[in-house]
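Both complexes shown next keep subunit A, but they swap its partner, so subunit B is in the first and subunit C is in the second.
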Partner chain A sequence: MAEERNIDLQSAKTYKVNSIPCRIRYTGPHSSIPKHLIKIQENQEIITYLRGRKLHGKSITNIKGVVLAKDDMSDEIKSLGQVNEVQYYEREGVSIDQVEKIDEFVKLSELIHG
Partner chain B sequence: MSAAAAVEEPIEIEDYEPETIVETSQPQPEIQQDFLPPSVPREHTYKSTTFLTPIPKVILENPKEPCVLGVDEAGRGPVLGPMVYGISYCLKNYESILKSKYGFADSKTLNELKRTNLLKQICDQEGELFEQIGWSTRTMTAMDISSGMLRPPSVGNYNLNEQAHDATMDLIQGVLDQGVNLTEIFVDTVGPPVTYQAKLQKRFPNLKIIVAKKADSIYPIVSAASICAKVTRDFSLNNSKDQLYGSEITWGSGYPSDPNTKKWLNNAVDPIFGWDQVVRFSWQTAKDAIIKNDGIEIEWEEDNEKDDYGDVGKLFRDKASQGDGLDGLPISTLWYGRNVNCF
Partner chain C sequence: MSLNSARIILFPESTQDSLKIVNLPHPRTNQEYHYALVNNEELYELTEFDNDNPHSKTNHLRSLTKTDGKPVRSLLLENVNDESDGLVLEESNIIISTKFNFTYILITYFILQLEQGKEFRRYQSLEDITDVLEESIPIILQLPGSLLNTSLENICDSINENDEKFYKFSEEKTINYLKTKSELISQNFPKSIESTIVSPLLYPANIDEKIPEDIKKLALIKYSIHLISSYLHPKTESRLNSSYNFESVNEYITKIQKEKLQKKAAEDQIQNLNQINAQNKRSIGVQDNKNRKKPTPAKKIPSKVIKGPLDGFFGKKK
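And then the complex of A and B:
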């Protein structure tokens, strides 16, 4: 399991991740995201709607992530790009304070591993 | 349908609109070009908006004279576009002239051209109606309606009745805040009138309040309110269509029973998002159209709780706050004070 692989992390493409409180029964690309995923900046939050539900979220930018894909033929894991922003969403009326805890976690992690 | 499902969706909208008239014709383009009601947002917006006129001249000059106010709504049943609440008010001794001179009557008997012309007259600064009638509208967008109805269970849904009642009370309050000497309020309702009247009376103890079905055909000032609401709704819907999809497409009146609306809904489904912000996702018609057109299943927290009655106390409280608790009974139980449901 813990086999070491060399993964190219310098891939130029950057991704933004939207963490939303539901399960979408689909995995794969979707071309109409820019058209339909409308985001409205309101006070300190980002407001968006999905299937009639109102979601509010916050942006986390002090993190780094990688998008990986496994090539089915060669079993090789490739980096498709980097994640430089996560937008964390909750339903209307549900607190998004967890975002602050992610910040805390990142700081703590830096102190321990830094 | 289980009791739990009934709480999640308190009103089957399509069944709840007995007075719905289906108009398949589009608003006349020639009406549009020379008149746009001031209550219609210039740009399509996801946000609900409120419009309020200044106090009309005649009422300003007679601040002690009693005024009557009418309330009506347009677009409760449609799956597309906003629901608009309208109020209008005038001096009590002017109300009868609305009917005799201008023909304010049951809005169902007035066609679109007639309705638009009446609102145009109310907005005409040179005209008599402009000096006599004050009015206000609350345009509740499809997104606000849907998201209210689809709030997560931990927060509790904001059903259509509550949204409607709150909009009405805010509109009346807006006119009172201007300092208008309102004495009587007439409210058109599609729901049960008894508890709604009690609710309004409690909120406005100094006003005489009458809630009635088909009030727009009885009281000319309610008819005026219904025209303000209906014309605002029609123009808003058409504006949104033009701005989002272009003037060449047809989507009918927006009622689920309109074949053009159905056709548009079915053809425009995006597998993940469904539609843009003009559709009321909380309507069964919309939910069904997503499934029918191979929309991708999206599961929310509440979807796993369908068979659970949850907090039974809350179920009763919800029922009581919807105002359905008493009206289902053949007689009023108000004699006995608060209904036992409320505890």
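And then the complex of A and C:
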């Protein structure tokens, strides 16, 4: 069946997304994320500590985005905010090749669909 | 608003004002799939990144939760303007949207029509084609006309009459269009796929030899078709493959594999011989030890007890 959903992407909020290698058993608002993620820029990498564990990450460049969520009452999809940066983290000793893979995927896709 | 359903969609470009989720048939499977129409102009494909890569040899090493087997990853969203207004999302999957070429859907549509015995003999106006397409792809009317126009130009012969354009599907033009795509991809082939899949197949058995340039070029075209084939109906894929002569590449790969097997067999044989030699040496050593006369220990001569002046003192009482 044909389906069509219009989503207005205009939103006042702008988020920086941190993808971290641990599962947090909570979904909801949080008032002090920057206090838990103090970041240090080291060459191409970003170093941070989460509860004492060292994480190293990279920014996914040339990409912007939106945070979308479904309204339970109206079943409508709404924008919660824009995304201006995504930082992808891994534990110390684990390579962050996911960032390069995403970059390569986007470039390949441009060639296939360009 | 339920945050449990929250998803992050990333776009390669920054200007998005409106997004429309539309369902269209996937060109490979012909099953309906979600696509995003951005700013009512461009069609985007949505790909979910969940850190699971079944093609990776180290995929089994990724951390998973014990209960549901999902990747161990969550998202922390920092509000750039207000530090106290952040979000935590337990579900980590990020959706990456990349531009989608509507031509692939049209190719599958026309190829399936040909399969059903339909022939494209006469030129049709854009309006007529849209009417016919609407039966299979009802959402076509919601898509911008420019998408359909550009796609038809890629795969159809066209004529202009009284300022109106008429199109006729051409299989030859379609194959030429796909060949141009394959060759473009082969010239910019993804490095990680080349180093992990293509090059290991082509490396000669002798390290000093180099991969012949013409073979490498043709092999990259062959694997570029594999990459595009995710968006092609199997029939189109086989027609595209048969438009090239990959015999030399296939022969080269078979020859290389045979040589590699022979080299490995020879290496294994040398290793076995070395092992046998080492075992023989050890067993000869053991036999030598058996044959060798054991040195007879020198007899101990008991030292004579000499009576001293104090011996009477420690002696038995009489």
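In this text, the second predicted complex is superposed on the first by the 110 of 114 C-alpha atoms of A that agree within 3 Å, B and C clash if a C-alpha of one lies under 4 Å from a C-alpha of the other, contacts with A are read in each partner's own complex, and residues count from 1 in each chain.
FYI, a contact is a pair of C-beta atoms (placed from the backbone, for glycine too) under 8 Å apart; a residue touches a chain by one contact, two chains touch by 3 or more.
Every value quoted in this text rests on a predicted model; they were computed, and no experiment measured them.
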### Query
A:Asp72 contacts which: subunit B (first), subunit C (second), both, neither?
second
#### Entry: Which of subunit B and subunit C A:Ser32 touches, first, second, both or neither
both
### Message
With both complexes superposed on chain A, which partner does A:Cys22 reach: first (subunit B), second (subunit C), both or neither?
### Response
both
### Task
Could you look at A:Ser59 and tell me whether it touches subunit B, subunit C, both or neither (first, second, both, neither)?
neither
### Query
Between subunit B and subunit C, which makes contact with more of the residues in subunit A?
C
### Task
Look at A:Glu92 in the shared chain and tell me whether it touches subunit B only, subunit C only, both, or neither; answer first, second, both or neither.
first
### Message
Per the contact definition in the header, classify A:Glu110: touching subunit B only (first), subunit C only (second), both, or neither.
### Response
second
### Query
Looking at subunit A, which of its residues have contacts with both subunit B and subunit C?
21-26, 30, 32-33, 36-37
### Residues of subunit A defined as touching subunit C within the complex
1-10, 13-34, 36-37, 60, 62-72, 77-78, 80-81, 83-84, 86, 98, 100-102, 104-114
### Task
Sort out for me which residues of subunit A touch subunit B in the complex.
21-26, 30, 32-33, 36-38, 40, 49-54, 91-94
### Query
Any idea which subunit B residues touch subunit A in the complex?
46, 143, 146-147, 149-152, 154-155, 270-274, 276-277, 279-282, 286, 290, 296-301
### Summary
Interface with subunit A, subunit C side, in the complex: residues 1-14, 16-23, 45, 47, 49, 51, 63, 65, 70, 72-81, 83-92, 94, 96, 98-101, 138-139, 142, 181, 184-185, 188, 190-192, 227-228, 231
